[in-house]
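The first chain written gets the first letter, and so on, giving A, B, C and D; residue counts start at 1 in each chain.
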Amino acid sequence: MSGDRVFTSSRKAISRLHDNGGYGKVQDGKLFLSLLEAAYLVEKGRIKVTDNERELSVEELMELGRRRDDCFDVKYITYRDLRNRGYVVKSGLKFGSHFRVYRGRTDEHSQWLVWVVPENTKMSPNDITARVRVAHGVKKAMVMAVVDEDGDVTYYEVKWVRL
Amino acid sequence: MSGDRVFTSSRKAISRLHDNGGYGKVQDGKLFLSLLEAAYLVEKGRIKVTDNERELSVEELMELGRRRDDCFDVKYITYRDLRNRGYVVKSGLKFGSHFRVYRGRTDEHSQWLVWVVPENTKMSPNDITARVRVAHGVKKAMVMAVVDEDGDVTYYEVKWVRL
Amino acid sequence: MSGDRVFTSSRKAISRLHDNGGYGKVQDGKLFLSLLEAAYLVEKGRIKVTDNERELSVEELMELGRRRDDCFDVKYITYRDLRNRGYVVKSGLKFGSHFRVYRGRTDEHSQWLVWVVPENTKMSPNDITARVRVAHGVKKAMVMAVVDEDGDVTYYEVKWVRL
Amino acid sequence: MSGDRVFTSSRKAISRLHDNGGYGKVQDGKLFLSLLEAAYLVEKGRIKVTDNERELSVEELMELGRRRDDCFDVKYITYRDLRNRGYVVKSGLKFGSHFRVYRGRTDEHSQWLVWVVPENTKMSPNDITARVRVAHGVKKAMVMAVVDEDGDVTYYEVKWVRL
């Protein structure tokens, strides 16, 4: 790890995590993982992250995440829930959502754009309609992931209907 | 018309408006229309509403509606839009929504529960999940009708998905 | 504690709090508590929450809650009141309410769906009918918890009656 | 009829309407009917109301009602609905509600205190809790009659629960 960037140059790790698992992004022969991905893989015992030779815990990784993102926790809860269900999960930033979610490999079209909403937020209809519009334009489903106080996630698909 | 109640005893009107159009409610041989229905039918030139022999305009009917209901305008806009598209529209109160919407006759099951949301409302996820749950329980679709500042209505179906 | 997540890996704590008390959610061998649960357990002196080795007070935990949720206080007051009376309390989001309340263990059906209403809210009949309908559909009782200015909670069951 | 008071001195009418039907109030050998009662009985064809020898229609009676009471229409809709279902309905003013409703004769205890609420009102929890309190004190059930846009009435019993 270096700064907030988690990476590896190991060929084997790249094949295992990226090529098969859809984790991270390969650049110049290195695999870079997001903090969500790194925290998840550490939590699952699949990787170790070291900073100056010191191993980092899930919580330390999450703390790094929170420093840059107030919503890191609810995003992580949703990320983990989706990954645990076998989906591949990538950033949805380009589409104004939190995640793009794939049933299988990321070289196919993603199925959903997932927008994470904590139970106690106040939303404006515009928050929803903007994301539905984008999803509609790229032929994906827009899914609102509502995270409740207990950390359970419920998914609601929102679809533009022409009556 | 009398007070807020618009009604007729004409057999022909009852057959045309209620039996064929799904407008109003027949009680003791009279057809009673809600202000939404009356305003719409006046706007379409299909009925005349008189109060002490004076004919009332759509605006006068809407003004009556507004006096009792802050949301009369957005409801009317949605009501009109749905009717213009050929749907039969009744109150959805019992289901916690604004309208039940039928593709055809009201003796069949309604298709949608429509919840009218002005563009500038703030919603809590709770408000949405309650209505989605009701719709799910009665096997209807929950549709959010978002009314924008220009008075355009866009419809969004919200559905609980199990991933 | 780390960020907004309060957790422990202690087997003994998990057994005592989760298995016997119905607190929190176990994931990958850790027990995660919501801020409502953590604040309550700290107030009762049953746990200590530390952040970077510093112990947090109830007020500090509540302050964290308020930052994310305008209604944290009234929810906490209701949560505490229900817990003090011996009930197990979990999120009711999926049912459009604030809490599911169990008489005993959470593996039985919950008894009530509790919707927290501060004394000074304005409600529309719609908000009530939606939640009554949900409760009716899942054979639970819909309970409105009205929190007054003094922080006292009064419970009202609302039930659909066919006359 | 005289002013807004509808009355009769006919023994036969008194026996039929008051003694058997629970309509009106007998005073000094005369039966006085409220405007709700008079309108209902005229609508059902059971009485005729004359003012200076001119017969009044239901609508004329209702117009009189509206002049003194903005909510006359929704109250009438509820009154009629309850009467049509076979209940005896009297004013609930003394109890802060709109109606006292009896299953049978009015010399028994009334069953419910009914509070009429149009679909589009905004309520404060206090509006509800005050009426529940009163009903609780006199061992009756508090019933909210929500009148929707179509003039349909749905009944919700609200009950104080000690958890």
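By our rule, a residue touches a chain if its C-beta (ideal position, glycine included) is under 8 Å from a C-beta of that chain, and two chains touch if they have at least 3 such contacts.
Note that this is a predicted model, so its numbers are computed, not measured.
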{"item": "Residue-number overlap at the subunit B/subunit D interface, same or different (half cut)", "value": "different"}
{"item": "Cα superposition of subunit C on its sequence copy subunit D - rotation in ° rounded to nearest 5", "value": "175"}
{"item": "Chain whose mean Cα position lies farthest from subunit B", "value": "A"}
{"item": "Pair with more cross-chain C-beta pairs in contact, given B-C and A-B", "value": "A-B"}
{"item": "Separation of mean Cα positions, subunit B and subunit A [Å, integer]", "value": "41"}
{"item": "Centroid spacing, where centroids are CA-atom means, of subunit B and subunit D in whole angstrom", "value": "28"}
{"item": "Chain centre separation (subunit B, subunit C; CA means) in Å", "value": "37"}
{"item": "Touching two or more other chains - residue numbers and ranges from subunit A", "value": "118-120, 122, 146, 154"}
{"item": "Chain contact graph, described as a line, ring, star, complete graph or other shape", "value": "other"}
{"item": "Complete list of chain pairs which touch one another", "value": "A-B, A-C, B-C, B-D, C-D"}
{"item": "Residues of subunit B that touch subunit A when the two form their complex", "value": "82, 85, 87, 117-126, 128-129, 132, 143-144, 146, 154-163"}
{"item": "Footprint of subunit C on subunit B - complex, ascending", "value": "93-98, 125-134, 137-138"}
{"item": "Complex contacts: residues of subunit A adjacent to subunit C", "value": "43-44, 59, 62-63, 66, 72-73, 80, 118-120, 122, 146, 148-152, 154"}
{"item": "List of subunit B residues in touch with subunit D within their complex", "value": "2-5, 24-25, 27-28, 32, 34-36, 68-72, 90-91, 93-94"}
